[in-house]
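Let me give you the structure first, and then I'll get to my questions.
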Amino acid sequence: MMGQSEKLQKIAAEALEQGQVTMVLGWCKKDFWWQAPVAFITDPASAARLVWDPFTVYNPVKYLLDNHHCHEKIGVFVKGCDSRAVNRLLQDRRLEREKVVLFGVPCDGKTDAAKIKAAFPGRKISAVSRVDEKLLVDTDSGTETLPAAGYLLDKCQTCRHPNPVVYDVLAWEKVEPRPGVDDARFVRVAAVEQKELEERYAYWLRQFDRCLRCFACRNVCAACNCRTCIFDQAEPRWIGKASDLADTLNYQIIRAFHVAGRCFECGECERVCPADIPLQELNRKLIKDINEYFGEYEAGLDPNDKPPLGTYRGEDPAGFDES
Amino acid sequence: MKRIGVFLCWCGSNIAATVDIEETMAAARKMPGVVYVDHNKYTCSEIGQAMIREAIAAHRLDRVVIGSCSPRMHENTFRKTVEAAGLNPFYLEIANIREQCSWVHKDKLTATEKAISLIRTAVAKAARSEPLFSTEMSIERRALVIGGGIAGIQAALDIADAGFEVDLVEKEPSIGGRMAQLDKTFPTLDCSACILTPKMVDVAQHGNINLITYSEVEKVEGFVGNFTVTIRNRARSVDMEKCTGCGDCYAKCPSKVDSEFEMGLAKRRAIYTPFPQAVPNKPAIDRANCRYFTSGKCKVCQKVCPAGAIDYEQQDQLVEKKYGAIVVATGFDTHKLDNYGEYAYGKHPDVITSLEFERLVNASGPTGGKILRPSNGQPPKNVAFIQCVGSRDKAKGNPYCAKICCMYTAKHAILLSEKVPGANAFVFYIDVRTPGKDYEEFYNRAYEECGATYIRGNVSKVFPDGDKLVVRSVDALSGALVELVVDMVVLATSVDARADARELAQKLSITTNAYNFFNEAHPKLRPVETQTAGVFLAGACQGPKDIPDTVAQASAAAVKVVSLLNKESLLSNPTVAEVDIKLCSGDMSCLAVCPYGAIAEKFIEERHGREIRKRRVAEVNTALCQGCGACTVACRPGAINLKGFTNEQILAEVDAICL
Amino acid sequence: MKVTTDKINSNLIKEVEEVSGQKVSACFQCAKCTGGCPVVWAMDVYPHQILRYAQLGLADELLNSKTLWICASCQTCDSRCPREVDIPKVIEALRLVLLRARGGNYLHPNNLPARVLENAPQQGLVSAFRKYAR
Amino acid sequence: MSVKPEGFEPLIVAFCCNWCSYAGADLAGTSRMAYPTNVRIIRVPCSSRVNPSFIIRAFQRGADAVLVAGCHPGDCHYHSGNFFTRRRFTVLKQMLEYMGIEPERFQVRWISGSEGAKFASVMNNITAEVKSLGPNRKLRDAR
Amino acid sequence: MKKIAKTKLVELWRQLASETGLYLPIASDGVVNFARWQEGAEVDLEALNTLLPAKKFFFPQTETVLKYSFSDDLVLEDCAGKAGEALCLFGARPCEVASFSMLDRVFLGEPVDEAYRRRRELTTVIALGCNDPDETCFCGSFDIDPGKAPGADVLATDTGDELVLVAQSAKGEELLSLLNGVLEEATSGDENKVKDAQEKAKAKLPPAPPAGGLMEKLDGMFEDSYWDLLYQRCIACGTCTYICPTCHCFDIQEYPTGSRGERIRCWDSCMYADFTQMAGGHNPRPTQKERVRQRFMHKLNYFPRQHGEYACVGCGRCVRKCPVNLDILEVIKDLGGAV
């Protein structure tokens, strides 16, 4: 039976060979066992580089912004979250659907390398692979088996759409969403909400004090797809370039506001943050409020929706004194 | 660096008494970019304006800040001033140091501090102002008048006489409105119908007036000079082309319902014209009460119609029309008396409202002009008139004075004495208000010549006693308790805004006051205009008004419309949105929030190395853009900006305030 | 009866307004209160006159009037007043002003027999202390 | 976070739409309805012109409170602007509270052109509320 | 040579902090950064590298270089001459210490950066030798010994239950002498333990790709198609440059507030679109390709051409933190010799 990586390789090679697409975005391995960055495949022979392993978390969709001009059609492997990024770009009119062929990859959750490392302190790990719900970890002192569910990335533990929501081809059978994800979705938000006001401010101040202003959270985000971000402009200068905590708070508040009603909960912002700032607690707060005030809305499911802040109903409630 | 001139206005003592002008000037001199500071007792006067013009020339000023009254007051005046001195009119900024400073603060120290801050903010904004230019827009040289009462009729006739086409939209099957219901009019006692009916006929026959009855305004889009209005022509069920107005249909119609025109004192048919002099004199079927429409059987009118004009299949039609100007003349409703149980209205047939009384007096009314008690058809001997019913009552009614009741009650007393010789009129009042030409004399006539007894006391209770009514009050002047036994009680009901006034205001983007009367742009200086350019007011929709005032306002509104439609073209609002295509991502978030459809997508071509790429960007139609700025916030990269209120300017204002 | 500047400026109105919470100056003398008052036949000063006297500061005329003790607080006037003046409250305030001005301190908790304390309704006690004790 | 020095006079930045709330402020003026000097008005055409960035900027630069005032829903001079305002600032206000900013610091109110008295009373209230909270240090620039 | 039991370290820090500002790797919400020590601080000497490199102590992320105000006259206040405080940096890893000498070449070369010089002089560095290098460490490529830190004032080595401290400069001697009360004299046995630890660490270091010859190879590669492929993955965040101990590009910004203002110097990043963008809008590095090339060419070609050593110390931060796994190790492997 063909392995999952081979399936991806076959899909990509065929699409390239048949001229259906001129580039395929998927995942490849690098030197370290936990690395599986996005690969840009343009010839069928290189399709053999493609892999599907516990670490193929990276979202290839945003790369379409840079590449769709140069190619007639691009093939993209999309997990559930990646497919919602496609809808995000379609809804924002940053991409045309006919420019892409979507190879859907049902995803059973990606593995958190840090959790694996922590499980084997002092041991050298050379490879990790997944077989159903088990992780096989090759170490310098033999192969160990771990339950996959316990070592998922945090963001995958609250994933509501493990299957692509839009695709042209499906690599394999769809998977079931993890049980309990709906309950888990706003747990962290509720925990912050329950803090006292001053405690909340101190909490966020501590988090954002670590912010480097590297803008990785923004740059990785498919909802942050402006040609030139407002924070990169010199005139008017919306925030200072220097790393000032107040400017950082300004950036983080407005960043969250700009993705309000548009964030599709891929959690990449939080994953890429070098300072481990819990950004999803901010994004999800906005989702929670929008749901409560203006009705349930899940971004990235239908590119024809109007985003909640781009529409209104006359009878909307207000989160402030309307007397 | 800009060369900014700051001019402070004393406004007599209005500003100078509370804001230390000297100190404010000293502070202004130190503000970045300020090269000249001066002051004047009345900057809006010719002397004050000349001072600004001269200073611009003498000191090569390129931006002007005036600390004075609200920009809503004199912004246009001062824009013209700086324009006359050769500057772009939008190089002017006004710091509102009167309405928002000297008039609301008492302490001179802190008020001065605030005035300085307001000047600093205006200087910061002015330093970032750009020259703005209007573009010329065509005008749709037609007017819409909403409401076919005397206000609408007068406005329509005046506009039409000036040579412009007018559409007159009326909700009822006929024009005429409230005035058509009245018998005589004060203070001359002309017959209402005698003076109104000819005007109604004029409307019908005027080549420039297009009468659209049984219709309502559904939607209003566009802006001054270029409104697009959707009108709902309600299904009349009568083909207006075929109908000859013979009246056979309503003579035979078997359904009888209370006549609205007769205030329920008489019946009309389901197919009806509201009154005999109706214009157009063609009936409509009231489908809610029509046997055919409610039970599917009848069709009597169709059978008897000699012209074959009855059309049960008619549907409401939505018609879209373009106008350059709109006159709103939708009139008033009479106050509902649900809160006034003490007057026994609705419980006893001889307690009637003033408008019902008008119908009783009217020769074409239900009694043929005889004043008869509804209970027994006998003429009343004693009649009590109660004023201020629902007016001047902040507890249960309207806190305002309805303005017309004193006069019409005097008229009623006079009419009673004429129509029922020997009858006694008792008028219960709080105050009698008669400002108006010949009004006091008219009121004097009521009690001097016609024998009306005026009692200064509000009636506390009316209750039946046998076939009579007991009216209980006190004569506050003598201190005597009053208990009258009368045959009829007439309630001078207050004037309300139309029940659907707010809905219409929202469609027109005009505002209302707390009681839903439409707001004029300025209570004294712009009494017939609204805050929405091109929309004008006439009559009681703006506030309680009698016929002379209504007609005067209607003609005034007509003049405003005519002067607007007479223009070759209009200058567009230059404070419109503008797209920086460098920054525009083309995601069209702006388009989603634009209420005017003023944003469209366009594709531009850009060179990337050797290849040419097409890219979507937003484009603003400056003729349609009204400058609200909603798009600027929807645009995440800040690619769309609002001229005159740019991001740079507002951020500079924030910085200047918080400094 | 004579109105002088001193009278109009007297503290009585202020005191009555403060105690009653009513705006005496709001009355525009429509007299609807008097017209509907069920016990007006027994009054020497009519309700609308009470308000007028208060507006004019006619303290003696007010405080000597029988009306203060005749008003039954039935609220008929109040329910019809177009100016939202609760006249019974104004009259009650006048009564309190009068009683307090008399200076008597009739009630002391210690002097109340236990029998009374046991059986008297609380509301009655509160009211009694409000009126007859300082 | 807040210290309450004696005689603290808060700085309140108010964004007022030209057609309703700015007119309401003018009406308060023509009616001589007094309110404290702490508030500074920035005139915008419509409350929908107010960018959340302006609000954060005001806090950064030292505002103790920010008010956005517009026409009542349905009365917008531009038909629908304040409906967007309502959604945007419902979201922003909840977020600021979630981040630990006192709710009194950022307020949104509907004040029509005929509500001069309401304008004055809103100004009185917000000034009193912020006075009792003390100066705002949150979100504020270090320099 | 001195030593101290690891259980008594808090006493050492307490003593040090009473003498000078003490900064060491402290964990907050699980993230380790150099932070000022205070009672109860969660010091983490096991952490391999802090999130932000120690360069921030000499070359802060943001610093005010000038203040000005004008009401009647313009008044200037130079801030650079007053910069810095006396402090002790405890626990800098050898790679980190190696980076200081690279930064010195930039900031202490003519014209001397006065603020940097002051901060550098006011700081005493206590390095902490590595015992357990990570799989991502490649200091070996640049001949840095993970157990030794020649540029430090004091070298500390973890010998199991104790920390052995060796002064390597006069400043170091002086510092240790202040700590006599808490330190014990080390023995020759301890000296052996240190050597042993250093050797073990070196042995544990993953095989490092040789960097030799890279500079010459890159001379001809400015227009190479290699960069066309390499940059594709880059998302243009500034993570690698901000966490890099040797990156030192900065930008100057004005912060005017009415009649006052400040001039600020802050870290810049060649990953950002506005890097080297000129006032008129032109940018000689218009796309991410040029910017990615700039980063690696600077570290591996321009800098060594100018200063004689590579501007990389192999700390591995970029390898671990790059959100898309694009790092200098990959470039060295691609262009240099095999592992």
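Just so it is clear, A, B, C, D and E label the chains in written order, and each chain counts residues from 1 on its own.
What we mean here is this: contacts are C-beta pairs under 8 Å (C-beta built on N, C-alpha and C of every residue); 3 or more make two chains touch, one makes a residue touch a chain.
These figures come from a predicted structure and were not determined experimentally.
Participant: Find me the chain with the mean Cα position closest to the mean of all the protein Cα atoms on display.
Facilitator: The most central chain here turns out to be D.
Participant: For the chain pairs A-D and A-B, which is connected through the larger number of C-beta pairs in contact?
Facilitator: Looking at A-B and A-D side by side, A-D shows more C-beta contacts.
Participant: Starting from the Cα centroid of chain C, hunt down the chain whose centroid lies farthest away.
Facilitator: Between chain C and every other chain, the largest centroid distance is to E.
Participant: Averaging only over C-alpha atoms, locate the centres of chain C and chain E and give their separation in whole Å.
Facilitator: Centre-to-centre distance between chain C and chain E: 85 Å.
Participant: From the C-alpha centre of chain A to that of chain D, how far is it in Å?
Facilitator: Roughly 37 Å separates the two chain centres.
Participant: Using CA atom averages as chain centres, what separation in Å is found between chain A and chain C?
Facilitator: Centres of chain A and chain C (C-alpha means) sit 74 Å apart.
Participant: Could you work out how far the Cα centre of chain B sits from that of chain E, in whole Å?
Facilitator: 72
Participant: For chain B, write out the residues touching at least two other chains, lowest number first.
Facilitator: If we look for residues of chain B contacting two or more partner chains, we find 593, 634, 647, 651, 655, 659.
Participant: For chain C, which residues are shared contacts with two or more other chains?
Facilitator: In chain C, nothing touches at least two other chains.
Participant: Going by the touch rule set out above, which residues of chain D reach two or more other chains?
Facilitator: 52-53, 57, 61, 74, 80, 84, 88, 143 - these are the residues of chain D that touch more than one other chain.
Participant: List the residues on chain D that touch chain A in their complex, please.
Facilitator: 1, 52-53, 56-57, 60, 73-74, 80, 83-84, 86-102, 107-110, 138-143
Participant: Flag every residue of chain E that touches chain B in the complex, lowest number first.
Facilitator: Against chain B, the touching part of chain E is residues 71-72, 257-259.
Participant: Applying the document's contact rule, which stretches of chain E touch chain A when the two form their complex?
Facilitator: 28-31, 33, 51-52, 61-62, 132, 135-136, 229, 232-233, 235-239, 242-243, 251, 253, 255, 264, 266-269, 272-274, 288, 319, 321, 323-326, 329-330, 333
Participant: Contact residues on chain B for chain C in the complex?
Facilitator: On the chain B side, the touching residues are 342, 388, 392-397, 430-431, 456-461, 472-476, 479, 481-482.
Participant: Which bits of chain A are touching chain B when the two form their complex?
Facilitator: 69, 92-94, 225-230, 233, 235-236, 238, 258, 306-307, 309-311
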